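Naming follows writing order (A, B, C and D), and every chain is counted from residue 1.
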Amino acid sequence: MAGNSLGTQFRITTWGESHGPAVGVVIDGCPAGIELDEKKIQKRLDKRRVGQSAITSQRQEPDEARILSGVFEGKTTGAPIQIEIENKDADSSSYDKIKNVFRPGHADFTYIKKYGIRDHRGGGRSSARETACRVAGGAVAREFLKTQGIYVFAHTVQVSHIKATKFDASVIEKNDVRCADEVAAKKMVERILEVRKDGDSVGGIIEVRGIGVPAGLGEPVFDKINADLAKALMSINAVKGVEIGSGFSAVELTGSEHNDPMRIRGAKPAFLTNHSGGIDGGISNGNKIVARIALKPTPSILKEQQTLDINEKETTITVEGRHDPCVVPRAVPVAEAMMLVTLADHLLRNRSAKV
Amino acid sequence: MAGNSLGTQFRITTWGESHGPAVGVVIDGCPAGIELDEKKIQKRLDKRRVGQSAITSQRQEPDEARILSGVFEGKTTGAPIQIEIENKDADSSSYDKIKNVFRPGHADFTYIKKYGIRDHRGGGRSSARETACRVAGGAVAREFLKTQGIYVFAHTVQVSHIKATKFDASVIEKNDVRCADEVAAKKMVERILEVRKDGDSVGGIIEVRGIGVPAGLGEPVFDKINADLAKALMSINAVKGVEIGSGFSAVELTGSEHNDPMRIRGAKPAFLTNHSGGIDGGISNGNKIVARIALKPTPSILKEQQTLDINEKETTITVEGRHDPCVVPRAVPVAEAMMLVTLADHLLRNRSAKV
Amino acid sequence: MAGNSLGTQFRITTWGESHGPAVGVVIDGCPAGIELDEKKIQKRLDKRRVGQSAITSQRQEPDEARILSGVFEGKTTGAPIQIEIENKDADSSSYDKIKNVFRPGHADFTYIKKYGIRDHRGGGRSSARETACRVAGGAVAREFLKTQGIYVFAHTVQVSHIKATKFDASVIEKNDVRCADEVAAKKMVERILEVRKDGDSVGGIIEVRGIGVPAGLGEPVFDKINADLAKALMSINAVKGVEIGSGFSAVELTGSEHNDPMRIRGAKPAFLTNHSGGIDGGISNGNKIVARIALKPTPSILKEQQTLDINEKETTITVEGRHDPCVVPRAVPVAEAMMLVTLADHLLRNRSAKV
Amino acid sequence: MAGNSLGTQFRITTWGESHGPAVGVVIDGCPAGIELDEKKIQKRLDKRRVGQSAITSQRQEPDEARILSGVFEGKTTGAPIQIEIENKDADSSSYDKIKNVFRPGHADFTYIKKYGIRDHRGGGRSSARETACRVAGGAVAREFLKTQGIYVFAHTVQVSHIKATKFDASVIEKNDVRCADEVAAKKMVERILEVRKDGDSVGGIIEVRGIGVPAGLGEPVFDKINADLAKALMSINAVKGVEIGSGFSAVELTGSEHNDPMRIRGAKPAFLTNHSGGIDGGISNGNKIVARIALKPTPSILKEQQTLDINEKETTITVEGRHDPCVVPRAVPVAEAMMLVTLADHLLRNRSAKV
């Protein structure tokens, strides 16, 4: 099976290299009748765009989305939706120097091993530029989910050793790291500037939430909604871990502490806690879906590192170019997109559950 | 897409309920010419079996595997392999009392919400009994991988708050928790007995390793090998988190600390560290594959809990029956199976990478 | 992708060899809440069974279906349904003589070329015995479709050069060839007995009809309903051609003759003719679905034929054993099953067409 | 499962509407290292282009292929290949008149029934313009197959009642109908001009051949190579029937006439006849693959026809615009493309057959 598609009934297929003429996404299986235009997609792409703030890469890409198919008179038609984003500020010159050397922590070595050939310009297919297409696909999923009362958002909960300790949704988009804790946000930005000055980088943790998700989504025993979320989120560049609900902290709890008690609240079934992250037995339970991802520090750093060249000779490398010292803030809309696509897919799949 | 299959080129489909006549697995896409017999499967099933030790459920299931197809004169033929395991000690009586009440932390509520009907006996389809089929499927994948010099094993690295701090592979199968640290193992067993006495349960962490995996496995950008591993592992009952390599600990490292330096060792490319967990850019890099999963405490506990009945009335429940106070030890072979199937699938998929 | 599954949302996976211990089918994705028991499946299997009449093989297989999962208290639960059929009268002795010789028109040569190994007993996986599993899967699809007012049946329209010229549905199950024209049926039986006496065999044509299929099924541009029907029908052993509606006869018509005019009949849109076979642009139009398949003469014949042995030496062969001189009558329920599964799958897929 | 993709390991996904800004195709799973440039694709697109001769539509579309990804320094990289074709001569004005009326024999009625919305301009997604994308995808498959010594071509064997009776491959591209029989070709052209004058249309039959296909391709029991070819070919607009090898003519032969005898020729296994069409038991046998498709007469005709409007009122229609009176000649490269993609996919899938 070819590997550039995600989802089954609602399926996105991304294509394009960092420094090729364009990148894009085909969304197949989007139901007909959803209101969609380029502004709705652009709004989301703008959140992932480079050059937004002092802490991101200074590459200038307008990232303009163009819808080429699947929408007629402002509505989806059921036909595949092609969204295309031109690459405008692709500067391959800084990559020429390192085209024959494997950047540590990057996919250079593994792409050569797998394919025997590699588009080295800007990381080619393995570049995070590909995630713009995920965001575009997620924006379409978002419009579909909106019609079903479902909403998804993400926020940064940790950068380096600095953790958010408060949650104020209204401040997320007001700071450069997309953190719901203003005080922590400031420290996170400081920490990022500090490592950048040092020619280094840091990682972080993002939390994604799905609000208004009805009970019933997920297809046991393999396509459980947590399993499909884990896959979608783990497929994001730099992600090293995925948690649902209590995640790794579940390990130190007992069953009596961890099980979410059920009561009736507002005449409806409710869970008094949400250690499950909104999922029991691989199926959504009606509570908030909560997932967290750990992102490693950006591998592109100015410090000299030990590596090999393509002839497998030992050498060292210093990665120049315009890199983010911390990919976490720009990965926030990508993480949202992955949950959006997964929920859209499972919402459609669940339509087959009963006769 | 129906959800009971895992893998594409090498694909397992499991079926069966805890208290039905049998459970089983169809393995489709297994290459022809692999030596296979029931003993090889039985050996693995025995590791997952109940009633093995003082700390597991006392349900007595011989779990005898029967191969019904796909093997001829001791070799796989390329035809689908059906492996069946009869349910012999299914005692549904203890479940009758709770058939109209949702067990907290279980799939009872979500199955009813999704399907409108539920085989309550022993948890039906959502029972961990289904994982016996995964182990059988994994045993077949193991024989295939063996022919390619690949080996997979797993071990318990944490139970409750007790962490393994040593690694001695030779002791893993010599203690009841399958821990590579003998001293920690003893404490883990004590902790499990303690919570059981208390009518409670605990969780833990399992590490799975893939040895001898060649560089090149994984299909970016969505079917990355880490993404497919995350899905397979997250689909195991009770799993709340998945990590690859450095996992969540990557967050507090800088890029210069995290990037794995490359050198030549023994005339071959080598990584001086393995923060990547053997995977860069979603493709195996030739280093050991390392994944970890967090399992929540068993939800079936003797303590009284708040819940609802199927008429959505508030009530309480005490879950009797023969339950493991900690599912971690028996999940070890299941975690292995999930990595085995994923590697087998990707090994075949990778045969298409080059012309 | 492994090849023993058909369908996506409603999916059957068959397994088993002609002379192994059993054959079976897993039905995954069947909606919950459908009434199902073994009698409903048995009724359909009995129509495909051998030894039914003077013109079929005299192998005696009771073909008893056993449901092992997915049904609880008489209803489907949404879990995969495993149906198993034991092989009881497998006599491999007549196959021993020819295990090293390729039977012309059979899959012996191609299985060896593909897999390097072959279960020669009774044709192994390539035996028409596998179609019993399709019939069982189709029987489940039939129960689902029944809840939606959809009905499928098939009948023989040609054997050798003898064509049915009348259509009386009531006589189909009253003659050994399952023909809706009593007079033609008699001639067909005579022709079959004639070729059998001669140690030879004949082919024929089956027509399959889907009644009550709503407009809207089919997923352009590749998973059109006619395309998926063509695949499902062509996958039946011995099928060499598939037609929808006018089929090959369309070639000699003009557009003005072929286009089906639309009028209002009974206050509903109606087509005055059905050259389309109920499908326009790959989507059902509400009219009867009509497909036809051409089956080649059974390749197993008593006459001596030129062939090779497994060492690729020239030799001759005479195929003994208990073979049908004409597979057409027993392929009628198989053809029905293929349309049933395809319609069930597309009915579920179509639930995603609109927001 | 979304329906705009074909193939699994080698997979094409087409997108775009007849009168939108562009149409295109993503080819995912194409092995790395294949020489590819736009000229190779253009050469094939030019064969499908309109305005080529007196007997095709006079719409003027240059159909210029642009490769946007997946190719680096003249070679495929293993990344998805996006090929885009701008729509330049889309004239929607003639469609405005009929936007509220269902054209008989078209997908207008079924698209509305399925999606509730329809891009009526030029037939939207259901337009044969989409097949340009198939041809582009097929051109990529062709380059891959070439590296394996496999070649595919198609030719017209019947138009209306006129059948080719000779086969001279060298004349196929020298006449407007792509017929291997020069004399028949002239009559076919005359017949087409005759019906066009009459405001009517005709159908025909195309034969597709695969040369050099090794034994072993096909994945029984559902993804047999004949089954997947049948699906791919039946998914082409206007196709009503598919045959493999002897096809419907097999019905009137006996087994002794139909079975292909095997002998050694040139030190290799050979079949003395090819009734099988190069496929036994769903697996290629090393002989030529031969398939035929029946195309209905173009539904767009100038003659007045009975139909309904979108309010389901009875009316009549006369379809103006620039239509081919016979789609057969332009469908020849499309038929080739469908076989090319299917063979490429199965060639890769077969790499998993043995250990």
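FYI, a residue touches a chain if its C-beta (ideal position, glycine included) is under 8 Å from a C-beta of that chain, and two chains touch if they have at least 3 such contacts.
Remember, predicted model here, so these are calculated numbers, not experimental data.
Enquirer: Which listed pair, B-C, A-D or C-D, shares over half of the residue-numbered contact pairs seen at A-B?
Expert: C-D
Enquirer: Would you mind checking which chain's C-alpha centre is most distant from the centre of chain D?
Expert: B
Enquirer: Which rotation angle, from 0 to 180°, best lines up the CA atoms of chain C with chain D, given as a multiple of 5?
Expert: Rounded to 5 degrees, the superposing rotation is 180 degrees.
Enquirer: Could you give the separation in Å between the centres of chain C and chain D, each centre being the mean of its C-alpha atoms?
Expert: Chain C and chain D have C-alpha centres separated by 26 Å.
Enquirer: Counting only Cα atoms for the centres, state how far chain A is from chain D in Å.
Expert: Distance between chain centres, rounded to whole Å: 38 Å.
Enquirer: Roughly how far is chain B from chain D, going centre to centre by Cα mean, in whole Å?
Expert: 45
Enquirer: Quick one: which residues in chain C touch 2 or more of the other chains?
Expert: 1-5, 8-10, 14, 29, 32-33, 76, 78, 111, 114-116, 125, 349, 353-354, in rising order.
Enquirer: For chain A, which residues count as touching chain D in their complex?
Expert: Those in contact with chain D are residues 1-5, 7-11, 13-17, 20-24, 26, 28-29, 32-33, 66, 68-70, 72, 75, 77-82, 111, 114-119, 124-125.
Enquirer: Quick one: in the complex, what on chain B touches chain D?
Expert: Interface residues on the chain B side: 1, 8-10, 29, 31-34, 76, 78, 144, 147, 348-349, 351-355.
Enquirer: Would you pull the chain B residues touching chain A in the complex into a rising list?
Expert: Touching chain A: residues 1-6, 8-9, 14, 102, 104-107, 109-111, 113-116, 125-126, 130, 158, 160-161, 195, 198, 200-205, 215-224, 226-235, 237, 239-248, 250-264, 269, 272, 275-277, 279-286, 294-301, 303, 305-308, 312-314, 349-350, 353-354 of chain B.
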